[in-house]
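My structure is below; once you've seen it, I'll send some questions.
Lettered A, B and C in written order, each chain numbered from 1.
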Amino acid sequence: MSDALLEMREITKSFPGVLANDHVSLDLRPGEILALVGENGAGKTTLMKILYGLHRPDEGWIAVRGTRVSIRGPRDAIRRGIGMVHQHFMLFPPFTVLENIILGEESQTAGVLATARQSRQLSALMEENKLVVELGARVEDLSVGIQQRVEILKILFRGATILVFDEPTAVLTPQEVVELFRTFRAMKAQGRGIIFISHKLDEVLEIADRITVIRHGKVVETMDREGATKQRIASLMVGKPVLLEVERPQVTPGPTVLEVKDLVVRSPRGYDAVEGLSLSVHAGEIYGIAGVEGNGQSELVRAIAESAEVVSGDILLEGKSILEDGVRERREEGIAHIPEDRQKYGLLLPFSLAQNLTLGMHHKPPFATRLSIVNGKAIRESARRIIATFDIRTPSEETPANALSGGNQQKAVVAREMSANPKLLVASQPTRGVDIGATEFIHRQLVKARGEGKAVLLVSADLDELMALSDRIGIIFKGKIIKEIAHDQAVKDEVGLYMTGEKAHGAA
Amino acid sequence: MAQHRGRFGVYALEQSAPFIGFLASMAVLTLIIMGLGENPGKAFQGIFKFSISDAAKLAAILSISIPYYLSGLSIVIAFRAGVFNIGNEGQYFIGGMVGAIAGVYFPLPAFLHIPVVIIFSMLGGALWAFIPAILKAAKGISEVITTIMFNNIALALVNFLVNGPLSGLQKGTSLEPQMKKLLPTAMFGKLNGFFRSIGWNVPNYVYLDYSLIVAIIAGVAIWFLLFRTRQGFEIRAVGTSIDVSRYAGIRVNRVQIGAFMLSGAIAGLIGLQEIFAIRGFYTYNLASGLGFDGIAISLIAKNSPIGIIFSSALFAFLKQAGYGLQLFSKVPNSVTYAIQGIMILFIVAINEILIRAARSLRKKEVA
Amino acid sequence: MDLSFLGFFLVKGLEISSPIAFSAMGGVFSERAGVVNIALEGIMTVTALTLVWGAILFQSVWMGLLVAVITGMLMALIHAVVTITFKVDHVVSGVAINVFAIGLSRFLCQSFFGAETQSKINPYLFPKLLGINSLAFWLIPAAALGWFLLYRTVFGLRLRSVGENPEAADTLGVNVTFLRYAGVLISGALCGIASATLFADKWITGMVAGRGFIALAAVIFGRWDPIGAVLASLLFGYADTVRIVFASKIPIPDQFIQMFPYILAVVVLAGIVGRSRAPAWDGRNYEKGED
C-alpha cells in the first residue's frame, strides 16, 4: 500500500449533467509508467485535473507516498511533487527557455535574476536527465519536440516525482517520440512515476508497465503489460456497441453535393493540419468523420465553412468550386454550419434568441425587407415556430441567448442552421456539452435532414453517435481520410483501431 | 406572471447603472461642497435657481444640449460597432469648415442652401474619418491613436485655412480669425416663435434653431438605423462579437468602415448651431472639447441613442449648474467637470458589475 | 552648421523628447502586464498641475516632483481598479479617466489657484544643465533602469509573464493581480516624472498637447520594449525639435509644421510592416479559473 507513489481512490466528480469520474481508483508505483487510456470524454482529463488541483473531487481521496493529501491548486500539486505536462503547452513563447523554466521559482540576489548561477543549476539538471536544450533560445523559435522538453524540465526543476503527460506524442515526429521514451526510461530509473495518457496503443504497449482503461468515467480494467494486446485495449476503450435508438429509414443517396479534392490546410500553429484530403458527400447521406481530436478535423471544417488557410486543393459544392467564396456566398449557395464552439462562433449571447435564430439569414426576406428594414414580426413568428418545432426551453423568444442552458443554446444553433434549408449541413460536435434529451433530438433532426435529401457532414468525437448516424464513416488520421467504412460494415473496435492509426494502409 | 416580473426586474437592474452612478456622483458632489465649507442646501438651491427655475432657463438647457446630443450620437454609432472613434473633435471642426465653405461660396436659394450646408458638414466629418477607418480595416491599426492624431492635425489644418486661403478678414482687423460671413440663405433661423406660440416663453437670447430639428432627425434616423434595419443589426452584431458576425456571413470590415464614417458624418454636425445660428461665420475658436464630451455622454448612457437624450441634457444641466454654483455659493464652476468625470467612472464600473449580476440571475431563472 | 548649434540641437531634442519618453516607458510597463493605458495624457495633465502646486506649497521643486509622482500613481490606481477589479474594458476606462482628468485638473486649478485655466507661476524650478531642464538627462539612466527592471529582475520576468499568459503564470504561483496593479501604477509614476520634464514653471490647460497619445504610438513603434519606446520617443521628439528650431527658416506655413509630429505618428504606425506583436494578453481581462 504505502510503497505506492500515488494512490487515487474512489474519485468521483460530476458537472452539471455529466458524471465525469465515477469512483475511479488507480495506483502508481515508483519507477513505473502507468498508461491511462480512453476515448475523448471518458474522464481521463478530469481525473488528471483533479490530481493537479484544478478541480476538487466530490468524493474520494488521494495519497502521495502514503500520506493523504488535499490538493488545492496547481501550486499545491507542484509542492507535493506532482508535475503535469499539458497537451497544450503552458509556455511563454517570446521568453527564453531559461525564463520559462524558472518562472515562479527564480533564483535571485535581491530581486535580480541570478541567471548565471541558475544556468549552471539547470545545466546540471539537464545533464542528469539527458534532456539538453539551449537555455538562451526563445521558445517560439523551437520545434514542438524541444518545447516539450522545456515543459518536462519545468517540472523536473520543481522536483516532480509524479509526472503526468497528457497526449505527449500527439504533436511529435517519430524521432521525437523515441527521444521522449528515452527520457521516460531515464526518469523511471530515477524512481519517478509517470502517468502517460495516450490514444496510441502501439506506444502504450511499448513503454507502459501497466495500463488502466477508462470508459464513461469508470475504470474498466487495469492490466499489466504482460499479456496486453491492442485488440483487447481497443475493445475495452470503446466497449460494447451502444444501441442508439435512432431510426434510419432507407434512403438512396443522390448526386454528390460536397467534394473535397486533395485539400491542404495550414493550421494556425504553423504546420499542415490537412494534408491532401479527399472525400465526397452525397445528397441524402450522413458522412461521419471519426478521428482523435487534433488530426485535422477542425481545420477541414473551417476550410469548408470559410476557406480559412487553404494552401492547395479544391472544395466543390454541386460541382462548383467555392474556394473563392466568402461566408455569405457559401450560405447563399446552401452551406449551413453548426460550429464546434457555440459561444465563440454560434451565438450573439446578449442578443435575444429570436435574433440569434436569424443569424446568417438576417439580411434576406422575410427577416429584412428589400429596403433593409427589419421585420420584427416575421422574426418573432419564425422564432416561435422554431422554438416549438425544436422544443427549445426558454421563457420567451426575447430571452437573451446567454440565459439559456447549454443544451438549449445548442438546439438553437442546430435549429437555425437546419431552418436555412441548406444543401450541405456541416455539423461539428453537434451534441458536445448537451444533455441526453437534447442530444436525441438533435440526432433525429440530422436524420430528418438526411431524409430530406440534404448532405450532412458530421464531425464528432463521440464514436457511438457517429456509428449510429452515419451512412459512411471516414476515419481521419494525420490530415487524411485513411479509410471509409459503410454503416453496415462498421465495427466499433475496428474503427477505434483505425482512429489510433493502427490500421493505416501504408505508413503508420 | 411571476416570470414576467422577474424578467423585467433583471432587465431593470441591468439598465440601472446610469441612475446609480448619477446618484453616487451627486453624493460625491455634496461631499465636495461640504469640503469647501459651503452649505449643500444653499449650493443646490443656487443650482436650481440658475439652471431650471423657469421656462427660459429650461429652454437654455435644451439649446445647450443640442451640440452635446449630436456629439454623443456620433459616438453611439461608432461604439456600437466596436469602433473607438476618439476623433469626433477633429471631425466636428473639419465638418463645420466644409459646411461653412458651402455656406459662403455656394449661392443657392434658402430651401436648398440649408440642406446643402448640412450635407457638406456631414461629408467633411466623414472625410476626416476616412483615413483612420481604412488604416484600421487594412492594417489593423488602433483607431484610438490614429483618430486622436487626426484631431490635432485637424486643428492645425483649420487654423491654417482660416488664417490663410479661407480668411474673411481684411488685413489689420482685430477680430478673431474667421472665414467670410455666411450667405444669409445659409443661416439657420430660430424656432423661438414656434415655441412661444405653443406656450413656452423662450427669450430671444436662447438659441432654439434649425439645429434642433437636425438633431431630432439625426437621432431618429440613427435609432431607426440601429434597431430597425439590417445594417444596424449587423453593426450591433459586429460590436458584440466579430467572430460570430464573420461566421454569420457579415462583412465585418465593411460594416466597421461604414459605421466609422457615419460617426464622422454626424460629428460634422456638432458645430451647426454655433456656426450657422449663433455666429454666422466659421472660426476655429469654436467650443472646444465637445468631441470628448460626446464620448462621456455616450458612455454614461450605455451607448443608447435614446439614453443620450438624457445624458446630453444632463451635461447641459451640469454646465449651467456650474455657473449657478459659482454665482450663488463659493463652489467653483469647474467642480462640474470633475463630477462629470467621476460620474463616468462610477457608471462604467457599476455597469460591469450589474451586467454580470444580471447574467447570473438569468441563468438561475432559466435553470 | 557649427558644433555649438549641433550641441544645442541635441540637448534641446532630449528635453523635448523626455515627456514622451517617460510616459511611453510607463505605457510599456502597463501593457507588458496586460493592461492598456490610454489615459497617459490625462494623468500627465493632472500631475503637471500638482507638480506646480506641490512646488509652490513646499517651496521645493523636488517636493513638487514627489507630489506629481504620487498623484500619477493615484490616478493610475483608479484605472487599475476599474479595469482589473471591475473588469471594465481598458479603452473605455482610459477614455473615462482622460475625461475625468481634464475636469479634475480644471477643478483643482481653480481650487488651488483661483483660475480655471492657468496656475500661478512656480519659481522653484529644476536646475538647468547645458541650458535645459536637467531632469531630462535622467531619461538615459531611467531607460537603462527600465530595461534592467523588465528583463533582469524577478519582478520584471513575472510582470511580463502576466501580460503574455496569465493562466500559465497563475499556475506557476505568480500573483497576477498584484503584478497588473504594479504595471499600471508604474505607468502612473512615470507620467508624473514625464510631466515634470515638460514645464515646471506654470500649468496651462492643454499644455500636454497630445504627447500622451504620441507616447502610445511610441510604445507600439518601440515594440513594447522600454529602450525601443524611448528610441521611438526620441524620433518623435527630435522631429518636433526640427520643427521648432527651423520653423522660421522653412517656407512651409506654421500650422503645417505644427501638424508634423502627429502626421509622423500616423505614418509610422501605418508603415509598420505586418502586425506588431503586443503582449498576448494585452487589453484582455483575466478571471481566475477561466478555462
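The rule we apply is simple: a contact is a pair of C-beta atoms (placed from the backbone, for glycine too) under 8 Å apart; a residue touches a chain by one contact, two chains touch by 3 or more.
Computed from a prediction, not measured in an experiment: that's the story for all the values here.
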{"item": "B-C against A-B, pair bridged by the larger set of C-beta contacts", "value": "B-C"}
{"item": "Distance-maximising chain from subunit B - centres being C-alpha averages", "value": "A"}
{"item": "Centre distance in Å when subunit A and subunit C are each reduced to the mean of their C-alpha atoms", "value": "45"}
{"item": "Distance from subunit C to subunit B - Cα centre to Cα centre, in angstrom", "value": "28"}
{"item": "Subunit A and subunit B, separation of their C-alpha mean positions in angstrom", "value": "49"}
{"item": "Residue ranges of subunit C in contact with subunit B within the complex", "value": "38, 78, 81-82, 86-88, 91-93, 95-104, 106-111, 116, 209-210, 213-214, 216-217, 220, 253-256, 258-259, 262-263, 265-266, 269-270, 272, 275"}
{"item": "Interface residues, subunit B side, partner subunit A - complex", "value": "3, 7, 227-234, 236-237, 240-241, 243-251, 359, 362-363, 365-367"}
{"item": "Subunit A residues within the subunit C interface of the complex", "value": "74-75, 78, 90-95, 99, 102-106, 108, 111-113, 115"}
{"item": "Subunit B residues within the subunit C interface of the complex", "value": "36, 84, 86, 131, 135, 139-142, 144-146, 148-153, 156-157, 159-160, 163-164, 289, 292-293, 295-296, 299, 332-342, 344-345, 348-349, 351-353"}
{"item": "Subunit B contact footprint on subunit A (complex, rising order)", "value": "305-306, 326-328, 330-331, 337, 339, 344-351, 355, 359-360, 362-363, 367-368, 372-374, 376, 393-396, 399-400, 402-405"}
